[in-house]
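Each of the next two complexes has subunit A plus one more chain, namely subunit B in the first and subunit C in the second.
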Partner chain A sequence: MLDSALPSMLSSPLYLLAQEEPAIEGGFQMTALLNQALNGVGIVGILLLTALGLAITFGVMRIINLAHGEFIMLGAYITFWMQENFQMDLLMTIPFAFIGTALVGALVELTIIRRLYGRPLETLLATWGLSIVLQGVVKLIFTAQLKYVRAPDYLSGNVTFVSDPTGSPLVAISYYRLFIVVAALLLLGITMYLFYKTSWGRQIRAVTQNREMAKCLGVNTKLVDMGTFAYGCGLAGIAGAVISALKTVAPPMGQDYLVDAWMVVVTGGVDKLIGILAGSFLIGEANAIIAFILNDPTARVIVLASVIVLIRYRPEGLFTVQKRT
Partner chain B sequence: MSQSRIFNNLSRRKFLQYSSLAAGTSVLAACGGGGGSDSQANLGENPIKVGVMYSTTGSIAIVEKSLQDATFLAIEQINTGTGPWEGNGEGIGGRKIERVVVNPNSDWDLYNQMSKRLIEEDQVVCVLGCYTSASRKSVLPVFEDTDSILYYPVYYEGNECSSNVFYTGAAPNQQITDSIPYAYENFGPRGFFIGSDYIYPKESNRIAIAELEKAGGQSVGDEYAALGTTEFITIINKIKAASPDFVLSNLVGDSIPAFYRQFKDAGVNAEDIPIMAYPTTEEEIQAMGSEYSAGHYTSFNYFQSVETPENEAFVSQFKEMFDDNRVTNGVMEAAYIQTFFMAQAMKDILEAGDEITTETLREATRGQEFNAPQGPVKMDPDNYHAWLYSRIGRWQEDGQAEIVFATESAVKPIPWSQALYQGRMCVHPTPDDRSDPTKETGEELEPVFL
Partner chain C sequence: MSNVVLGYKQSSFPAKLAIISGISLLVFAVIPFFIGSFQLSLLSKLLLFGSLAVSLDLVWGFTGILSFAHGVFFTLGGYAAAYYLKLNLSAANNTYGGELPDFMVWNGLEVLPWFIAPLRYFPIAFLAMIGVPALFAYITGSFIFRSKVSGVYITIITLAISSALTTFFISQQAYTGGTNGITDVSRLSFFGTEIPPIGLYFLILAYTTFVMALSWWLTQSNFGLILRSINENENRIAFLGYDVAQYKIFIWTLSAALAGMAGGLFVPLNRFISPVYLAVAFGTQVVIWVAIGGRGTLVGPLAAAILLGQIQNSAERVTQDWQLVVGVLLLIVVLFIPNGLMSLVPKQLRLANLSKPKPLPGTVKAAETTTTEKAQTEVAQTEPARRSS
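Let's look at the complex of A and B:
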């Protein structure tokens, strides 16, 4: 598919513009912008991956989970640990990252979250405390030093869509970033399947819609709650494992993803899982394009401010159907 | 349960209660971490109290913890009469160093509060600490108002001339001034400048750009990323679009491994666009994996690969005290050196039969010499910055640097970049004279070697 895209792109006006030698400045900018937009998709992939777990714990369960970033961090450390001790390939560690963080998530649900359902502010404080504790524990076990995670060799290199006459790539994206996008979409697909097509998913939705009724109908709501929270945490763990090879592995790393993940979930709306795809696409591409034209800190300010304005006028997010109450 | 129901239950007063509770907890958490001083057993009679102020929690902890480790190693060696302190007996003139450790939790305001506490409540004679320029700027008024002494171990952007700080890290002319002509001659005239978005990287890049223009080159772009950012594809794409001859990086902390990894992942070779960096040291290389750094450059006073007997001893003693996998780097070495500058000054004071006070410590620290791991260094008696070697290392596949440029001996520090402030220098007058130590000579200062 990539190969067939190439000829059509070569004849596209953008590329022809870049071919004109004298006007290289303008054309150069256009291909550079195209390259940036393509790599913005890579950013979208990371956002989607890191926000997916939050879409479950907040979007579905309405738990304000400020420790979400720390579950991402735990996933990254599990990958690091498995590599360090068993010389495992990064992809092989992903199931372990999922299971490990899901188990921690289940434990957290059992000991803390369960006691705080319906009390969002206490949950907020408790999960925030939890994030400090988790960072501290990881620091005690692994020390504060940055950790090295080996990226798989077969995912190094770039897919080039457009290159200049001398053969150096103008529009290209790395295999690893493509891999992240594919992994994120795959996980989103699996999650949607689980939620909308299986009986477990129906139970989850029943519990979130009407807990008492679901209980009366024989649904073990406590087990459903624990399972759902653990699943959301497990997804965060996968995110941590996958991004660990591209980012920095350190105890405070989760903080970096927490704000972005929240912005994605809030923008997309929490009623439909598919909303976070739109949310990550909007935020990721907006960030990429604005940062390219202006600069990175400014882009963050503009995007964050836009999200604030958005939730002022559409507190339920962009992709939530208005309901009668 | 709908979202609105949750939030409607929340009155304004309740919200204030909760949020103030949250704010209170964060202060408690920070204080808890930095609480009482840790106890060292058997300090004997009349120990000398020294403040050690590095963050071991928060975003800068990754770097500052290793500075604390190097400081602890030096104090341990002084208290036991081992390492460079061999032959001086245990402690300083029989008195051991009691370290009073605080943890400012990477919060600039807490540095200010905790330095006050160290000086006023714990009555320490001086403080070893700080890493970022932001934290140094935060504590500077405290040290000046109380007339106390801070030993600061970090390469920095210069432009300071305080009689309350001894700077053991590189001044601009010991790090930037040699690296830019090197990059100009070996890579080409077009530089792209990146950094984290705060004082040090911006000022350091401003100096580097001025140096590059002086050498005849030009800046083809400068970009800054928020502190702690780990997503660099935008900056990398801008670098690709500008196709410079080299990149000069002043990214710090967590951003460093992420940037180098994504740089290579985006298909840029070190042969095509090498990175010349200041804050990228052995520690960050270990974290990113040496395959990502191979072929890039760092300019620093010290590398773990420096071949001196002092360095061999330092590296092995450090590994012995902490962990065999640990590496040493230039900032840690500076933290180690400054502890010995302090101890030697205290020894001189006690041998002369004086009390250790700010006055005596300041006079005794001026001009101290030390056989450091990087080679013989000295504390400049006039401007309170250290004479240090200037070196450039090219990173190898094994994560160590091959030194491709080094001065013959330590270079005299000049706190003001001569490319920007021609002829400005810092000369602290005599103890009684507290007039402005900043002097203008009008002519560019030439390099002076030890």
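Let's look at the complex of A and C:
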């Protein structure tokens, strides 16, 4: 177990992504900086996508979900499996990834989470146990071998904003990164619509604000809990499906996203869903810019240290209306 | 504390506890003569992991602070020991002859950095094994606990600390050896004589005994009662006039020092240290030992670390999916045995009960109520809140 921990640490998303496209040496510092900022946008997209599910399970339901990364991993494996067996386009597998992980999520809520409401530290331990189990099961089915998922052809290539006289791009972002950003924003929009404009969303908010009262008014709180958790897990599954094309699919891959997703949710605050947009933007861009000025590991250390300081002074997150308790 | 019955005084010396712990100590002292060298080093390692688990039990089981950063404290102590052993390699054994460790040569360092150089002297290295983790814990602890940050967020902070330090240690290749860590260290020796594996085992056994005894004494004292009360109801303890943050910082620092020393002993045994032990995965492993063994029991975490390690060792020969078993075990314990495996042990055999003198018929309390008893009544008054945070 210890041996497997290190490679996954090394390929932590922030760390890896920033290295993939090194800032171009020479030329204008300005274009390099712009390129890095754009690179940061790609990271923001990934952070947003991976943190969105957690914003539901932790932010709304207050479940300390350490198995979040494993639901991302499940989504990636579903995509891999469908592509392998049915030669499906990556985009076509997304609904299946959503439904598959949501079903697993519902099952988990029914068997584990439900017994532990109101006991955050027990939930934390149980979900950690769950993450080990999910990794183990996936390893049994698919073996520990690295798997690769093809990105659709029409999403390859770069959008170039600035190029040098010879035509090689100076400020560019790949279509796929752009697609991730768009998908993340779209999902955020859909989720916000569901939460604030539909009766299901109203029920969820009612249950989180006052469970007893909601129950009295005829809301089936158990069903709402299960549905919300399943939805959060489904979102993680979508994240896994989309990200699977960017990096190799392997059982421990979820761990890479766990700490980052937590940092995003905690930075943004759990009061409003829109907070995670701000959280992922701050962390992603801060990481990209600091990495440009110094280097990648230092950037990660600085960002994590700032998040610690932030939690210390504002545990409720940056974008939360301060309440007196 | 003594119970007085007309002309009869019962000793407060916990005879049963002394007998049982004496027997178990004797077992551990005899075992090495009957096992092979592989088992000996495995057992030494597991005893150290057990001490580490006990140090986490102090802050988690007793005070209610769940930390994923205990692997970090362990590893910081480990690096101090590794520098000491690396710098004391005789010139013949050193790959490049000089005094500079091999990984520094590879990374183009020409002089020993000033902050590493003093670690070649044993007293300084020894102090660093305890002092560096303790200082790090003191700084982080003062920063975290003097605020309104509550349970779960503290846990997330410890996750971030672990993640950040792992990245940092990997990136500072010239000073820390990067991903590989510090390897090929010399063997631990005293005044020129090398300590054989069995000597190291007894050193580790002595340390584990020390950790157990200290933790036991601490948690049975007045101080331990306050820690437990903080776990039960932090606000009430604060209202009673105790500086809760100070207690938390103290136990956090002490626990880090204990973990660091365990790490320091781990390196002569393991012969290397690397950022693997800094990473969240190892920190979680420690949490799992405590959770499975039983929070707040001291013996539980130690036993769990040793048992799980032994089971893992034999299971790994059969299957590669040992982790799956650990995960299922953890789930079962959390869902069905929330107080850990120690709660399955009959009540009469628990440490806390062994140490109590047998109640005598018609016992009269000694006239002067000791402070311990006062604190006990205070705790008894607080409602039995769930130990959930």
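The criterion applied here is as follows: the second predicted complex is superposed on the first by the 298 of 325 C-alpha atoms of A that agree within 3 Å, B and C clash if a C-alpha of one lies under 4 Å from a C-alpha of the other, contacts with A are read in each partner's own complex, and residues count from 1 in each chain.
We take it that a contact is a pair of C-beta atoms (placed from the backbone, for glycine too) under 8 Å apart; a residue touches a chain by one contact, two chains touch by 3 or more.
Note that this is a predicted model, so its numbers are computed, not measured.
Asks: Put the two structures on top of each other at subunit A: do subunit B and subunit C fit, or clash?
Replies: clash
Asks: For A:E84, select first, second, both or neither according to whether it touches subunit B, subunit C, the two together, or no partner.
Replies: neither
Asks: With the two structures laid over each other on chain A, which partner does A:I311 touch: subunit B (first), subunit C (second), both, or neither?
Replies: second
Asks: Could you look at A:L146 and tell me whether it touches subunit B, subunit C, both or neither (first, second, both, neither)?
Replies: The answer is first: A:L146 touches subunit B but not subunit C.
Asks: Between subunit B and subunit C, whom does A:E285 touch in the aligned arrangement: first, second, both, or neither?
Replies: neither
Asks: Quick check on the superposed pair: does A:A32 touch subunit B, subunit C, both, or neither? Answer first, second, both or neither.
Replies: After superposing on A, A:A32 lies in contact with subunit B but is clear of subunit C.
Asks: Would you sort A:I43 into first (subunit B), second (subunit C), both or neither based on which partner it touches?
Replies: The first partner, subunit B, only.
Asks: On the A-aligned overlay, A:Y176 touches which partner chain: subunit B = first, subunit C = second, or both, or neither?
Replies: It touches subunit B, and subunit C stays clear.
Asks: Now for A:D256: first (subunit B), second (subunit C), both, or neither, which partner does it touch?
Replies: First partner only.
Asks: Do subunit B and subunit C land on any of the same subunit A residues, and which?
Replies: In the superposed arrangement, which is not itself an observed complex, subunit A uses residues 118, 120-121, 125, 128-129, 132, 135-136, 139, 255, 295-297, 300, 315 for both subunit B and subunit C.
Asks: Using the touch definition from the top, list the residues of subunit B that touch subunit A in their complex.
Replies: Going by the criterion above, the answer is residues 1-4, 6-7, 10, 14, 18, 21-22, 25, 29, 56-59, 61-62, 65-66, 197, 223-226, 228-231, 233-235, 237-238, 240-241, 254-258, 261-262, 264-267, 283-284, 286-289, 326.
Asks: Which residues, counting only subunit A, touch subunit C once they are in their complex?
Replies: 1-6, 9-10, 12, 15, 64, 112, 115-116, 118-122, 124-126, 128-133, 135-137, 139-140, 255, 259, 262-263, 266, 295-298, 300-301, 304-305, 307-308, 311-313, 315
Asks: Under the stated contact criterion, what part of subunit A meets subunit B in this complex?
Replies: Against subunit B, subunit A makes touches at 28-29, 32, 35-36, 39, 42-43, 46, 62, 118, 120-121, 125, 128-129, 132, 135-136, 139, 143-148, 150-151, 156-158, 169, 172, 174, 176-177, 208, 211, 245-253, 255-256, 270, 287-288, 291-292, 295-297, 299-300, 315-316, 325.
Asks: So in the complex, which bits of subunit C are touching subunit A?
Replies: That would be residues 66, 143-144, 147-153, 155-157, 159-161, 163-164, 166-168, 170-171, 179, 274-277, 279-282, 284-285, 287-288, 291, 321-324, 326-331, 334-335, 338, 386, 388-389 of subunit C.
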